[in-house]
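One structure is given below, encoded as structure tokens.
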Amino acid sequence: MTGGGFLARNIAGFTQALESVLVTENLCRISGFMQSLDPRVKAVTLLIFIIFVGLAQDFPVLIAIFILALVLVLLSKIPVAFFLKRLFIFIPVFTAVIAIPAIFITPGTPLVIIAGQAVITAQGARTAGLLIMRVVDSLSLGLLLIFTTPWTKFLVALRWLRLPSLIVDVLGMTYRYIFLLLHTTNSMFLARQSRTIGGFSGAENRRWLGRALATTMVKSQYLSEEVYLAMLSRGYQGEIRTLNELSLRSRDFIWMAFTLVAVSLMFWSIYR
Amino acid sequence: MDSTFIYIAKNLNYDYPGGISALRQICFKIGAGELVALVGANGSGKSTLLKLLDGLLFPTAGELQAFGMKLSESVLETGNRAAEFRRRVGFVFQDPDVQLFSPTVWDEVTFGPLQLGISKDEVISRANEALALLNIGSLRERPPYLLSGGEKKKVSLACVLSLRPQVLLLDEPTTGLDPWSQGNLIDFLLQWADKDKVLVFSTQDLDVVEEIATRVIVMGAGHDIVADGKPEEFLSDSDFLLRNNLVHEHSHRHKELVHRHPHLHEHRHEH
Amino acid sequence: MYVVSAPFWYVAVQRVRKVLTHRTVPALALFSAFTFILMMFNIPLPGGTTGHAVGGTLVAIILGPWAAVLSVSVVLAIQALLFGDGGLTTFGANCFNMAVVLPMVGYFIYKVISGNSDINSARRLAGTIVGSYFGIIAAALVAGLELGLQPLLFHAADGTPLYAPYSLNIAIPAMAIGHLAIAGPAEAIVTGLVFFYLQKSHSAFLSRQASQKDEGKLWFVWAGALVVLAFATPLGLLASGTAWAEWGANELKEILGYIPQGLGRMSGIWHAPLPDYTIPTIGNIAGYILSALIGIAVVGFLLWMLGRWISRKKRIKQNPTSTGVS
């Protein structure tokens, strides 16, 4: 991998990260079903479903949850193709890495024999299948939460869940400054790229990266001190006070009722 | 204690933690209604002085009084006096990425009043008022990284205005602004000012000084004050300006003659 | 995993608040943002491969171990929520491995090596390199432990593992080897280089941070516990010989000879397609987990195939007449 590749790859990485975030933020602004729910309700109910993904011992529950997720995607006016694409980008590699070997390794009754050596067992296939479904389900629910909740609303939910304000404040501010650092780092890379004709060696790139990171670190630290002064100047006294304007509406209650019913069904299905 | 002045500086000195001097023997008195321009070359200590005026830094020697009260670390630690001071003095940093540390514009503009314990309804109305003043209501939900340079500067000002301060401290407010925005800002500041308020701003742009300031404090290379008075007194003294690195010099060659003249402006307004 | 991480988080919040006081929020936020960026970098490694670093040990050295715990946790949380690629469900485990084990163990080893030497000395630099390397190895080993325990703890009535199917015997060595080869050097290189340039060009900054940093009195107790946790099981496995089941020491040497080469080639191949999967995925935990999982899978598969091949050879030696398909 030549020097030119190094710069281009990283620049592409930064830009893609930025784009990905912007796309997500846009989805959050669509007026769909999940977007309109209170973030606290969403977080808690989706968490409950994820717990059941973990508890489930067989396929019916897992498949039902996946179908529910798809229905919610539709109701929230998220493009289904986009959703599935994001979902399944991760799956194939995971499958190849964990699930497929599991098919062969798990001891049990043989199903298929390949090339006289490798054996696919029934238990192995089942393990793999369950694994895949679990991942698909948890990812779907996670993506649903992410695509329908803007970052700031999400922080409000965390505050309400009694997370220490230090953590929530740091989460919020980190998010804000990631974009600044992404931008300045990207500029550094672009500047270097514009000076590249033949490309640099791996060692040169590593050294440059070390220097660039060291400088960025020092600058970040300096920036944090100035930001502190800016916060002080406007009355900061250790804990950021916020508006926290959240209220439950009828659809939140409807959704919670539905969750309750679904949970009871799943519970019965698993533990009967 | 003279309580008629808003700021009284007595022999202020400030040294950086490493020991390097940033301000030396600074003395002045600023009263209500003044519009003070701090000018001086880079490194003359303008930003540091502004931070001292906002109680963000404290003098290593000398004394600074604001609103009849001596500014020190203990005074501004916590409590009502601190909150009152923070409410009365607003500081706009030069770098908007320092000033704008909240996730959205709305969060930023509501930050000040919220920290001061003002009631939620009041906070919301003040925030709306500040946004309207600068005509940026449409930027309410925007995160800072999606703002243009000019928008950032406006939001920086708005989030301080929501405090309804009596004193405005601005660090290089017009640097980086296009002429149109600059004009808008100047008009706004002139409108904002009144006999009870104080404006102190640092700048290197003498045109802005001419348009706004009722008083100029010139900082010299020695980190002290070399001049303090009405703008008219110095702005036409080209020697003075050159000496203190406030203007640059042009050199023209006419055959054997080298013609030097300082870069000065002369305004002609149409009224 | 949240249960195990919780006490660390609690102590971290208390300590960091005490040291940084009011400056905590902006200081941590900017440092976390910095760590986030660091984790995104695609680093060219000697030999032509690339890798990603976490930087947990670096933050621990500059800000202190507890601040590092919080910082990396914040970054993992944001990555999980921002990129939505599976980090959400594995957050608890990731946090423990990368935000708790990695910086604490890394910092522990760094302190052990650098002792009281001057902040600008070569000994300190050596400490950062070795510390960061073993910090990430420790994280990998603990991850292996977590994976390896799952079949033991969670399985259905007929013995089918409900989650990860690899036993301790496979999971731990697989994770270890995968990381010794790639993630370890990436981490050590990045941490070492940054620290080197801090020493060279920003020594005032470094000195100031060193004097302001506070670890708290009992940090080494916590860190020590983690060191034991990380290294005890694998060492135990090796010592008792059960790591390789019925294979003896000779086979062990044969296998170890094959694996790193195989891994090296595989990693070269694997890292090429991966960047095409939304690079954010690579720049964060998913990428990390992926390489870890790839390590497991590759090694596990190879080990298993080799094991079968070897034991088949053994059986053929013992029963020359049998054509044995097992």
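By written order: A, B and C. Residues from 1 in each chain.
We take it that a residue touches a chain if its C-beta (ideal position, glycine included) is under 8 Å from a C-beta of that chain, and two chains touch if they have at least 3 such contacts.
As the structure is a computational prediction, the values presented were derived from the model and not from experiment.
Undergrad: Which chain's mean C-alpha position is the greatest distance from chain C's?
TA: Checked the centroid distances; the maximum from chain C is B.
Undergrad: If you average the Cα atoms of each chain, whose average lands nearest the overall Cα average?
TA: A
Undergrad: At what distance in angstrom does the C-alpha mean of chain C lie from that of chain A?
TA: A distance of 20 Å separates the two centres.
Undergrad: Could you grab the centroid distance between chain B and chain C? Build each centroid from C-alpha atoms only and quote it in angstrom.
TA: Chain B and chain C have C-alpha centres separated by 50 Å.
Undergrad: Taking the mean of the C-alpha atoms as each chain's centre, how many Å separate chain A from chain B?
TA: 43
Undergrad: Tell me, which residues of chain A touch at least two other chains?
TA: 151, 172-173, 175-177, 180, 223, 227, 231-232, 236-237, 240 - these are the residues of chain A that touch more than one other chain.
Undergrad: Considering chain B alone, which of its residues make contact with at least two other chains?
TA: In chain B, residues 101 touch at least two other chains, as defined above.
Undergrad: Going by the contact rule already set, what residues in chain C reach two or more other chains?
TA: 26
Undergrad: What does chain B use to touch chain A in their complex?
TA: Interface residues on the chain B side: 51, 54, 56, 78, 82-83, 86-87, 89-91, 93, 95, 97-99, 101-104, 107, 110-112, 114-117, 120, 123-124, 143-145, 159-160, 163.
Undergrad: Could you please specify the touching residues of chain A with respect to chain B in the complex?
TA: 151-152, 155, 172-173, 175-177, 179-180, 183, 223, 226-227, 229-237, 240-243
Undergrad: Please give the residue numbers of chain A that touch chain C in the complex, ascending.
TA: Listed in rising order, the residues are 1, 3, 6, 9-10, 12-14, 16-17, 20-21, 24, 50, 57, 86, 89-90, 93-94, 96-98, 100-102, 104-108, 116-117, 123, 126-127, 130-131, 134-135, 138-139, 142-143, 145-147, 151, 154, 164, 166-167, 169-178, 180-182, 185, 202-203, 205-207, 209-211, 213-218, 220-221, 223-225, 227-228, 231-232, 236-238, 240.
Undergrad: Contact residues on chain C for chain A in the complex?
TA: My answer: residues 13, 16-17, 21-34, 36-38, 40-46, 48-50, 62, 70, 74-75, 77-78, 80-86, 88-89, 156, 158-166, 189-190, 192-198, 201-202, 205, 209, 274-275, 277-283, 286, 290, 293-294, 296-297, 300-301, 304, 308, 325.
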